[in-house]
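Have a look at this one.
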Amino acid sequence: MLQHLIFFPVLLPLLAGIFLLLPPLQGHVQRQRVAVFMVNTLLLMSAVLLFQQSVQHEPQMYMMGNWQAPFGIALVNDKLAAIMLLLSAVLGFAVHLYACAGDDQRGPFFHPLFMFQLMGINGAFLTGDVFNLFVFFEILLIASYSLLIHGGGKHRTQAAVHYVLLNLVGSAFFLFGLGIIYATFGTLNLADMAHKAAQLNSEDIALAKAGGMLLLVVFGLKAALLPLHFWLPRTYAHTSTPVAALFAIMTKVGIYSIWRVHTAVFGEYGGELANIAISWLWPLALATLVAGIIALLASQTLKMLAANLVVVSAGSLLLTIALNTPQATAAGLYYLIHSTLMAAALFLIAGLVQEQRGQAQDRFVRSRPVNQPALLGGLFFIAALALIGMPPLSGFVGKIMLLQAAGHGADAAWIWPPLLISGLAALIMFSRAGTTLFWRVQGVSQSQTVAHPLQITAVILLLLTSPLMVIWGGDLADMTMAAANELHRLPQPLTPAVSAVQEVLK
Amino acid sequence: MESVVHIIVAVLLLTGGFFVFVGSVGLLKLPDFFTRLHAPTKATTMGIGAILLASMVLTTMRDGHLSIHELVISLFLFITAPVSAHMLAKAALHRRVKFLDHSKNAQLAARAAEQKTPE
Amino acid sequence: MLNLTLLQTAILLTSVLVVVSLILNVWRMLRGPDITDRILALDTLYINSIALIILFGLYNGSALYFEGALLIAMLGFVSTAALCKYLLRGDIIE
Amino acid sequence: MKRWLPMPLHSLLLLLVWLLLNGFSAGHFVLGGFLAWLIPLLTAPYSDHQSRAGKPLVVIRYVLRLLLDIVLSNVDVARRVLKSNQSLQPGFVAFPLVLTGDFPLTVLASTISLTPGTVSVDFSEDKQWLYIHALHITDEQALINDIKQHYEKPLQEIFSC
Amino acid sequence: METIYAICVGIMTAGGVFLVLRGYTFAVVLGLTLLSYAVNLFLFASGRLVINGAAILGESEVYADPLPQALVLTAIVIGFAMTAFALILALRARADLGNDQVDGDND
Amino acid sequence: MNLLWIPLLPLLGTLVPLLSYRFGRTATAALTALLPALSLILVVQAIPAVFAGEALTWQASWIPQVGLNLAFHLDGLALLFSLLILGIGLLVILYARYYLSDNDHMGRFYSYLILFMTAMLGVVLSNNLLQLWFFWELTSISSFLLISFWSHKTDARKGARMALTITGAGGLALLGALILIGQTVGSYELRTVLASGDVLRESAVYPVIIVLFLLGAFTKSAQFPFHFWLPHAMAAPTPVSAYLHSATMVKAGVFLLARFYPVLADTDLWFVIVSMVGLATLLLGAYTALFKHDLKGLLAYSTISHLGLITLLFGLDTELAAIAAVFHIINHAVFKASLFMAAGIIDHESGSRDMRQLNGLWKYMPYTATLAMVAAASMAGVPLLNGFLSKEMLFAETLHQSTLGSLSWLIPLLATVGGALAVAYSLRFIHDVFFNGEPINLPRTPHEPPRYMRVPVEILVVLCLLVGVVPNFAVGDLLNAAASAVLYKPLPDFSLAVWHGFNGPLLMSLLAVAGGATLYYNRRHLFAFQGQFADLDAKIEFEKGIQWITAKAAVVHHWLDNASLQRYVFLLILFSLIVTGWPLLQLDHAQGSRPPLPVNGIVLVAAGLLIIGTLATVVFSHLRLLALIMISIVGLIVAIAFAYFSAPDLALTQLSVEVATIILFLLALYFLPQKTPLRDSSPRRIVRDLSIASLVGAVIGTLCYAMLTRPLHSISEFFIANSKTGGGGTNVVNVILVDFRGFDTLGEITVLAIAGLGIYKLLAGMRLYVPAADSDGRPWAKDKNPMMLALISQSLLPLALLVSAYIFLRGHNMPGGGFIAGLITAIALIQQYIAHGVAWMKVRLNFPYHWLIAVGLLLATFSGLGSWVFGQPFLTTWFDYFSLPWIGKFELASAMVFDLGVYFTVIGATLLILANLGQLTTSERPLPGGK
């Protein structure tokens, strides 16, 4: 069974999604919750196992249909993928717990869609094939469309219209890009592409560049790269709480894909195709960061604040890609994990605040107090510290890594100010948000709502990762550095991969 | 033998093409919707039929065994064409589509649109 | 040899007739005047394209075009019926 | 019998179509037979207009007649199309129906649509009248009689109604 | 042939893009449909154009590249699913927002 | 001894009050004090070693990759600060026991206080730059919690927020400075850095380091122009003020100056900035203090002023000045803490801090008054008190420096002015509170505080005296140790004697006293003068500033993002155009070396029709049904093109999807307006969109052309070669779909399935306006299910199913397959819906369609999982040929099960989508006659 382990992060949610549609699970809330809980646990376990494997071995491949790469579709578990899988498993686990407190009942098919969403995300992390990446993008997109509207409501619908239509245009460009890629490379396997990049026919170079850039557009759209990021804040702020929290990883899929395609394939070893995205990413990532900061300062609700923080973190991550060194990638990876989990936690906390604050919801205005000020205030405080980047939580390590990754030349002169100012803006906004939401109150709480133990557990689970990331920061930094080194080197040529298949199957 | 078959096929083809063409000319040329409705529903069906027949003959000869699956297409067309025409006519009546002023029994159109009996 | 040319000529000539028919159909589609005229033209376009596909098959001596023609015959009807139902009732599935 | 082979005629037709599609071979006879049995079984609930057809000889005669008329009809329409349209005298005709039953009526209406210069437009609600549009009417009554004679009568005979 | 093919793809793309930029959901979905035709043709073209060379073994001597065809097939199906979703979302927006403009009522 | 315990014990101590606050106030205070006291003992134990010149260190690896390690060291400077932090901290714990009321959550208060203590200890004990910053930020956080302790008060919230924002901003700057230092030196270890002063001073980034570093230090120690947060932090309970704003937090800033003095000082840049800022702060603080009516306000500005003084000392270019600075750190901590506590006692016992109300308290609390007066005298710099000594040293050093070159004489002059102001406000503190007539309208009758509330003040005042009288005995060694740590080299000679004879400094002192007395005597004029100026409330100004920033941000943000999808899409397209167009400009010639195919008339016509269809779709897009019909032409011709260019499978798929799409559009169109208003877009917008659309079209067309005319070397030969032998099928496209790349197909049908579910979700509870007439106002026809249509449709169903079986079964070897077959079946069923209506179908096809989807997906997945049994990866297929008598040879393949799964999923999803939409429309149709 373990020889198929690489496939589990895709297979488990797929099977779960299917069985949730059938009796005896279909229509039974409790059974569905328990089932998904168990699958999430299994996903966590497989992610941990895969993580261990990736640490101990060279990247491992799982060849679908037993066809050798590049002809068949390969799932690849390297360190980067393993980290991302673990991240998605932790996030999925926590967010699902939260949803089980009642959000899952606000519309049909929440649980199967949740599973399919995870399947899409995990598939995108695992696949070593660029067209298969498209397929998994579409899976995660269609699932996200469906989850986005969960619970209904005017704002949600409006946000969905924007999100869906924009992404459909994005998907069209994805296919244009893939067409060019196949037309020039003649292959779809990412590792194979990486090897062929340098040997491309000179008359195909310009074409391949255009294809690569189209993919950058698509990934940039997901990753919230300016000027493609405007859809994000409203979409995230208006969807239901658990969905918003789950979406915290969606921009990261974009970042991840840029790593896979533009750092690895169009990277250092790409000959004339080397680093085609970098010169574009530089100014755009900076601009993203600045636009994110401006939006952050303009936030009027806690969810909007969280959403704008996602943009800010996207800008920072894109900057690490623009820096284009293993050290920067490692910093980005650490920061990615931190920002995903903490943004998710903040969305969940915002949801709790919304529920307990009556009409005022999570708007930054004076209102009646929340029902559980100490609890929510405390959770908020921790999340805020982490997201501002203050010690003792993970944000500060991430911030230090980002600053160091910029070196101290001209790069740093460009990157440092917005990075530091983003921290200040977050500080201003969080102190304003916290003092307003929890302290600037009048009267007594009218809400009888009490946060469900599952909701609290979910939030604590997510928040707990932050100190852990600090305590074991050394090991994690080693791991991200190793993953970054793996990403930045030319992958193994595909011929020995055949033996790798056999090894997996032993 | 072969040349005879080819000649038959050619004749069938050209006949079919002719009817297809005539149907489309009718569609373009006839003066109102109801008259236009006649042209394609018949001429075209027939034209396609002839071309399919040509195909059957030719493939049968070429492959050396009976190849008449084109009949299935004809079958479909013959079953569906009248219904298409019927639905189109219903829609046109419903929409009170203009027809030639000198059409006979014009008053019947209104009755038909309402599915009433003629007065 | 002569006969083969004869056949090819016949196929080409027929194709020309069919293609001209297609043009006429589209012409009617653009002209209308009523929406029913356009649907009728679309229906005819569908059917004429069956002829075109069969002719491709004959020209290339390939049987692979047959299913396409079969499908057009089946599906053209569905779409015409749905369009008409729409004009009549608005709601095509009620 | 009725339960396990709900529509024998349909089955026969399906088998024939299968063989037309795939060629006549033993394997396809078995496979086609299976499908011709299975599909009617599945689709029987969707066929609620059951009319029993009889008199195969009349049916064959009717079909042949129809084929001939179709050819003639096309020649006729082609002539009218290519001629100047000024002389056209189109119009509507209300055809009084004797025939009853949805299936026979549908066959009749289809026949009318496929044959010279006429298109079935619609039935009256009580299915006592069939409205027809004719491309060129010279004698209305003659047209009605013609249809009655050539098509409605044989259909009455076939469906015995 | 290639020129004509490319011109068609270009014009369809242009049409799709123009419609996608409109302010009403229906036009946008229509544009997306048009765009997806163009995309499919484009993706298909990555295998180059071959006439009478369907990749059915034994049916011809030169085969068209079958891989882009398989990719286009996948793209068509996914495109259908997406179009369906977008269209029904447009309905939902009409129901929830009271109009069918992509940005809600701008008046 | 393990140095780690010194910060660790208080850290553990944060939990003590939270656990013990239920046992009563005294017990809580005592238990809370326990661990810090232990920590203090540890520090005291270390004194001999430190005085002997050893620096104790302790280190553990933490995140060495970024240079962050757990590293502590205890040298003289750290020792001095540790003693202050722990000593005064313990006194504050005792004091707070009496200060806090029963309404205050003592556990929380003490916990925050101890957390702060830990953070401060961490700062002063750090031997790692990043760890130092870690604790530095912790002081900001914990002080935020302390200042905002009375969070129900607006002042507390705003004051805390301001303090956090300013110190937080400074913290970020400091981080930048520290990382730059670390990167320049190549190590984040403080000891290493301290030894690398030359490297740093010569580095190109030195000015950047200095600016960032000083931003951090100055914000924390409330130096001008960042001083304004400190007075507002007085909203905190007084024990907090006594601790944070006299002895510790604000001192963290000057600690930083002291700590990095050996590496960063000794340049003109440093001396000029630091001395000027210090001087300005000294004067501004002292001047403002004079006018404060609030007791704590006076002390706050006095603190600012004294911090300025210390900063000024660090900015003077003599070594003795640095020693004086260290000395004043001690002195100020001692007298200011006692003054804050005294002020707290006065507030506590009289109910007011307003000096206009407080008068003549001498009568009511003579003992407290005495203590306060001694401390205030020290603040003023009266001889025999500690404040005098360090001030004297300042005066001396101002006379010996040449920091500002030829303008250096300004410094002693202004320092004397500052001294005079200090005397004046100290006088005011004493005279105005304890004398000056009778109290006015005090809420309570003042009296002496509880016995033990006074003890901390007593201890501190005794220290003032002790240091003032026998300085060498009291702090000589400590000062030596601390100062040598600051200078990081052997100390120059200096003496702590009380009497240095009549000299310049003494003259300055006398001038200051005389000037101060005169100032105070003439205070009425001064107050009148100052009264002309509007009071600037820093809090309001700061809030305004923040609001200005957020408001401007909102303006810019709304300018950038107008919430319009049209703009988003435009940007997306424009961006794509630019990034794809750019490389295309480098394309020398679009045409490649592949020989082109010949053109023929038929193709030309088809292309023409395609273009016409496209343009017609665009032109008629506002007439929606018409546009739909026009786009059908495009779909049809695309299908034909696929057929023509050797892609029969694609042609079939395109055709069936086309029809399903039309049905879908028609279903939707029922609820959407039939027409788009003609004034949809402005002409300018149309022109813009047309231009960008044409450009995109041109780029894509060019790319397409370039692609088509270049030769292709692809992996496809493998598929053609292995399709039959490895995949068991002759239709290579199908074998790719179900075998080589079956995983894609599994994903694709999953997308379809999810779309079905999502659409179901969208439709749930949807309320739509149902038109009773078409767009021309024509009521709908009455004939719901035309008889002919119904009858023919149901007759066609078996035929359609047979055809789909045909398409399905041959798919592996000939064009066809599960997907197309599934669509045909689904459309045939939809046709029944169209012909017969939902009610009729419900009786016949009554099961949830998502089951069908699930079964389909399950079949496909399990056919893939089947290969696991044989130890093969997912989706490894199996096939074989069999021969039966009579029937002949036939093939069985596991891929067919997969394809069957595809078939079912497609049917299920299509029905779920279309039939549910249809169902919805029906259930929403108004009853005849309306309801």
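To keep things simple, chains are lettered A, B, C, D, E and F as they appear, and every chain counts its residues starting from 1.
FYI, contacts are C-beta pairs under 8 Å (C-beta built on N, C-alpha and C of every residue); 3 or more make two chains touch, one makes a residue touch a chain.
Keep in mind the model is a prediction, meaning the values are calculated, not measured.
Here the chain-to-chain distance from chain A to chain D, counted in touching steps, is 2. Closest to the middle of the protein, by Cα centroid, lies chain A. Each chain's centre was taken as the mean of its CA atoms, and the one lying most distant from chain D is F. With every chain reduced to the mean of its CA atoms, the largest distance from chain C is reached by F. The distance from the centre of chain D to the centre of chain F, each centre being the mean of the chain's C-alpha atoms, comes to 75 Å. Between chain B and chain E, the centres computed from C-alpha atoms are 32 Å apart. Each chain gets a centre from the mean of its Cα atoms; for chain C and chain E, those two points are 22 Å apart. Work out the mean CA point of chain A and of chain B, and you get 58 Å between them.
Touching of two or more other chains is recorded for residues 563, 565, 569, 573, 644, 648, 669, 700, 703, 707, 712, 714-715, 719, 740-741, 744, 747-748, 751, 754-755, 758, 762, 781, 783, 786, 788-789, 792, 795-796, 799, 803, 814-815, 917 of chain F.
The residues of chain D that reach two or more other chains are 17, 21-22, 109-110, 120, 123, listed in rising order. Shared interface positions of chain A, defined as residues touching 2 or more other chains, are 131, 135, 138, 142, 145-146, 149, 152, 161-162, 165, 169, 176, 179-180, 182-183, 188. Every pair of chains meeting the contact definition is listed here: A-E, A-F, B-C, B-D, B-F, C-E, C-F, D-F, E-F. Touching chain C in their complex are the following residues of chain F: 601-602, 605-606, 608-609, 612-613, 616, 625-626, 629-630, 632-633, 636, 639-640, 643-644, 648, 651-652, 655-656, 658-659, 662-663, 666-667, 669-670, 770-771, 774, 780-781, 783-784, 786, 789, 793, 796, 800, 803, 807, 814-816, 820, 824, 827, 830-831, 833-835, 837-838, 914-915, 917-919, 921-922, 925.
Residues 17, 20-24, 70-71, 73-74, 77-78, 81-82, 85, 88-94, 109-114, 117, 119-126, 128-129, 131, 133, 135, 137, 140 of chain D touch chain B in their complex.
Chain E contributes residues 51-52, 54, 56, 59-60 to its touches with chain C in the complex. Across the interface of their complex, chain F is touched by residues 15-16, 19, 22-23, 26, 29-30, 35, 38-39, 42, 45-46, 49, 52-53, 56, 64-65, 67-68, 70-72, 74-75, 77-79, 81-83, 85-94 of chain C. Within the complex formed with chain F, the chain D residues making contact are 7, 10, 14, 17-18, 21-22, 25-27, 30-31, 35-36, 39-40, 42-43, 45-49, 102-103, 105-106, 109-110, 120, 123, 127.
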